[in-house]
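Below are two complexes that have subunit A in common, paired first with subunit B and then with subunit C.
Take a look at the complex of A and B:
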């Protein structure tokens, strides 16, 4: 009887979370399409959807606002999934691409391409970013075998990020003033001025990597039990972990190549999902975190666009300003508890 | 073995390091776009007859930069040594404790507030940076302190708070995009283009803060014994720690105000110094200063020599050097 009621409650929570975030996502999408210059009304938007409307408004909505919105959703979901994969597979609540040097590795590659005007095809950039990100995750793997302590693992990642950051600065001191401004805008992470070209760049990665990530739920659940138990259950721990890390790096690399390193979405979305659902079951957490990631990023981007309109501050700054303190509080709460998942 | 020898011949060691510093200084002045032989540099420094252009290059362009490196290196080295003792944390250094990024944030705020071009760093800048450094340090301290002190957690908090402060800096830079080039190089710390004006800002602070830090050595020694022993010896541990932290912030902030946020120097110098002279703060503090100066001078010399036409900021080079060392510290079984 009691177990039944727990299951019941959990299902209601799940439904509430999914329904709530869907409503939020739709509301944010509508606002993102309506607000700005020119401000549109709902009927005007409806007219555009039906193929009518003024040419200018039509252009703005279909060529500027819609791709940005779609890109935000994709990037948010991908980042959140990558965060969930990292946190569960490393059994570390603070694991995230930005703290493990994965984002930084991908960033260095893109920075080098920008500064030195390397003749690289647009399509190749995510692949190269993936190579850079893999450097970050391979250091993480190396560290895992040396230290079991989760906080120390993060410190290693932070130091690696500092190292890669120094590389970026060295590139910058070699670059021209004009490239510097472009690179700086890229380095904080932004969704501004992204068009369908950028969406096309990310879309194949999203179509392949997101379903793959969702398929990882079962091994993730087993990995959460600890390496020994997982081994006892017949899981090849090292191989599985390597595969999952590579997958999560691929998710991040594609986003970084297009939007720059948008931080803290990957860390926060999974935590939020776990808090609301009160479970660590990856089968539920992964899709919910992806949904929440999309909501968080599109919401933050809407705020970035409209808070100081017409001036716009890149969304990456807002996610850091808000995400950093939240993570600090999390760290503080976690200090009292024995090590484990939050 | 080394430590016993160092303790025995400590004054000799200091003398020797001063000599090494002088050699480094001469080398630093000798290297540049117009190479000048070390012999000529020495001649110019001691007012012997040399060609006029060489005298101008040595005295007006390169010597102030070398002296700034000397002073700033000493300040970062001493600040790091103090922080490592009061935090009882081998990983503590100005950057990881929020002092550097706080100083940088406030300094950038100050520099970017005026209209038009970037304001020149004036004599007020160190004060502004000091306020920022104290705030940054206090934030990290408050967030990480939970009765006991966990070294790794402290640094993790520092990393996070630094990330937040840096994104605040990014906001300022985005609002004033014309200054990005100048400030970015300064964010990571650079000695490029520093002349007597900047040295005149730095030296009064060095003259006050360096001796102040050195006199704290015996207090720091008592703190090293632990909270209980310190209070039984009649020392108010909390207040001592706070005032030592203030001195460290003073050192960091004034150095940051002139050379920018050089990281990892405050980590490297005290560790290397401790390897040689041991943990006694009375020996550690002065030697850590000398090591800090030496590293910064040498790093700047090498960076200038290797990347001649474009000058890479020395802070980036130091990060490349310091990160592997930091990783080694983190990876050790018992830090």
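Take a look at the complex of A and C:
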């Protein structure tokens, strides 16, 4: 009877979370399409949807606001899924994509191009950043493949990511006057001025990696029981963990290449999902975290765009400013709990 | 927690760097400067509100910012050491600048030992970049931090260094020359075209608002509808006062007639990036081929009245070629 009651309550919590997130996402999407320069009314937006509207409004909505919104949703969901995968597979609530060296690898490439004015076509920069992210994560994953327990895995990843970040800082110290401020816009992460070209770069990775991530729920649930129990249940812990790390890389690499390393979404969204649903069940957490990630990033971007308009602030500043304190609060509330996950 | 710290330390470093860079020291203008001494005084108050009295008139000046070279060239003086190649432009010192001692390190971290080797009696640096050198330079030479946010500040610094070096007459002449040129352009300009100066790439870019140094000049002579952010807006991601990341929607709405662009960090010039971008290519300036790559030394880095004068000549010829086929004197 009690089990039934818990299951019933969880279903209600799940429904509330999904419905609430969907309502928020729709509201944010509408505001993101309506607000800006020019501000649009709902009928004006509807006219644009039907192929009408003034040329400026049409251009702004179809070529700036819509791709930015779509990119925000994709990037938010992918970052959140990556965070969920890492936190559950490494059994560490603070694990994030930064441990994989993806962000640092991509950033090293962009920093080198920006600071040293390397002769690279602009269209090639996201692809090179992607390659940098993949190389960075490959180094981390290959190094990790020699290490067994998750604590050492995390330290190894953190050390390698720190090494790559040190390279970025060295590049920055060599930077010329205006190069650094442009590099800064990449380093904090931004969705500003991204077009369908950028969506096209991220979309294939999303289409492949998001379904695969959602399929990882079962092994993640087993890994959460501990390595010994997982082995006892027939799971090849190291192989599964490495596969999940590779999948996390696939989720994050294109996002970092296009938007820069946007902080805290990967950490915060899974924690919020666990907090609201009061469970660690990856079958529920993964899709809910993805939804929350999309809401968090598009919401933060709307604020970044409109708070001081026409001045644009990189969305990464807001995700850090808002996400940092919320995460600290969540972790503080969890401090007394034995597993520290939810 | 440890990996969390490792994760955020680089970000914090970057943010601290930028916040430090953007925590702008107010630029002294001639109207608000604390300098109250006579023209023969050797006391100055710089952009950090630090007041220094020199023991003697400076003759060995180290320039850590191009503005210093711009000023010294107009005063008929030469720096003993520099940390860039700005002065090699023929409008300043030309080939002679190759003989200046070079300060090693980087723009953001100049080598203090090199500065000491130059045996200076005054070091001139830029706000939000060089003020942290003051303790290290204490036993070497006084530091004068400059932070021009408008052409009036550039004039102020020109006159102040002229006063300190005993070249007030040359400074006043140079300042008047610039003001006369600005007034001449202003009087003759039709002001019926809008312009915008920006740098970066088509995705990550900053524009110079009217509250920036080059914006203060361009807004005098043509339509420059890019107001500074209102009070309460956060600091820019740039050490350059008045340079802001800006809404592309706003730029599309204003649709400027002429774009002045400075490319940063890519092989493809920004003008070509904009032409091939699906959004930027809708701008009038792009469609009418009125996008011009500018010499950043004149428009952005020089910061002095001579640099601004050269930028003015170039900009007015590009915006109104029929009215200003040749530079005004």
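The rule is simple: the second predicted complex is superposed on the first by the 264 of 342 C-alpha atoms of A that agree within 3 Å, B and C clash if a C-alpha of one lies under 4 Å from a C-alpha of the other, contacts with A are read in each partner's own complex, and residues count from 1 in each chain.
Here is the rule we use: a contact is a pair of C-beta atoms (placed from the backbone, for glycine too) under 8 Å apart; a residue touches a chain by one contact, two chains touch by 3 or more.
Treat the numbers as computed from the prediction; the structure is a model and nothing was measured.
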Request  = Name the contact category of A:119: first (subunit B only), second (subunit C only), both, or neither.
outcome  = second
Task = Look at A:95 in the shared chain and tell me whether it touches subunit B only, subunit C only, both, or neither; answer first, second, both or neither.
result = second
Query = When the two structures are overlaid on chain A, which partner does A:238 contact: first (subunit B), second (subunit C), both, or neither?
reply = neither
Request  = Name the contact category of A:188: first (subunit B only), second (subunit C only), both, or neither.
outcome  = both
Task = Have a look at where A:313 lands relative to subunit B and subunit C in the superposition and call it first, second, both or neither.
result = both
Query = Is A:305 touching the first partner subunit B, the second partner subunit C, both, or neither of them?
reply = second
Key: subunit C versus subunit B, contacts on subunit A by residue   = C
Ask   = Is A:63 touching the first partner subunit B, the second partner subunit C, both, or neither of them?
value = second
Query = Can A:22 be said to touch subunit B (first), subunit C (second), both, or neither?
reply = neither
Query = Between subunit B (first) and subunit C (second), which does A:49 come into contact with in this model arrangement: first, second, both, or neither?
reply = neither
Request  = Using the superposition described at the top, list the residues of subunit A that contact subunit B and also contact subunit C.
outcome  = 94, 99, 154-155, 158-159, 162, 165-166, 169, 172-174, 177, 180-181, 184-185, 188, 263, 311, 313-314, 317, 320
Request  = Quick one: which bits of subunit C touch subunit A in the complex? Just the residue numbers, please.
outcome  = 1-4, 6-11, 13-15, 17-18, 21, 106-109, 199-206, 229-230, 233-234, 236-240, 243-250, 252-253, 262, 264-268, 273, 277-279, 282, 296, 300-301
Task = Note which residues of subunit B are touching subunit A in the complex, please.
result = 91, 143, 146, 150, 152-153, 155-157, 159-161, 163-164, 166-168, 170-171, 173-175, 177, 180-181, 184-185, 187-188, 263-264, 310-313, 315-317, 319-320, 323-324, 326-327, 330-331
Remark   = In the complex, subunit A touches subunit B at residues 94, 99, 143, 146-147, 149, 151-152, 154-156, 158-160, 162-163, 165-167, 169-170, 172-174, 177, 180-181, 184-185, 188, 263, 311, 313-314, 316-317, 320-321, 324-325, 327-328, 331-332, 335-336
Remark   = As the complex stands, subunit A meets subunit C at residues 36-38, 56, 59-60, 63-65, 92, 94-96, 98-99, 104, 113-115, 117-122, 125, 154-155, 157-159, 161-162, 165-166, 168-169, 172-188, 190, 192-198, 263, 305, 308-314, 317, 320
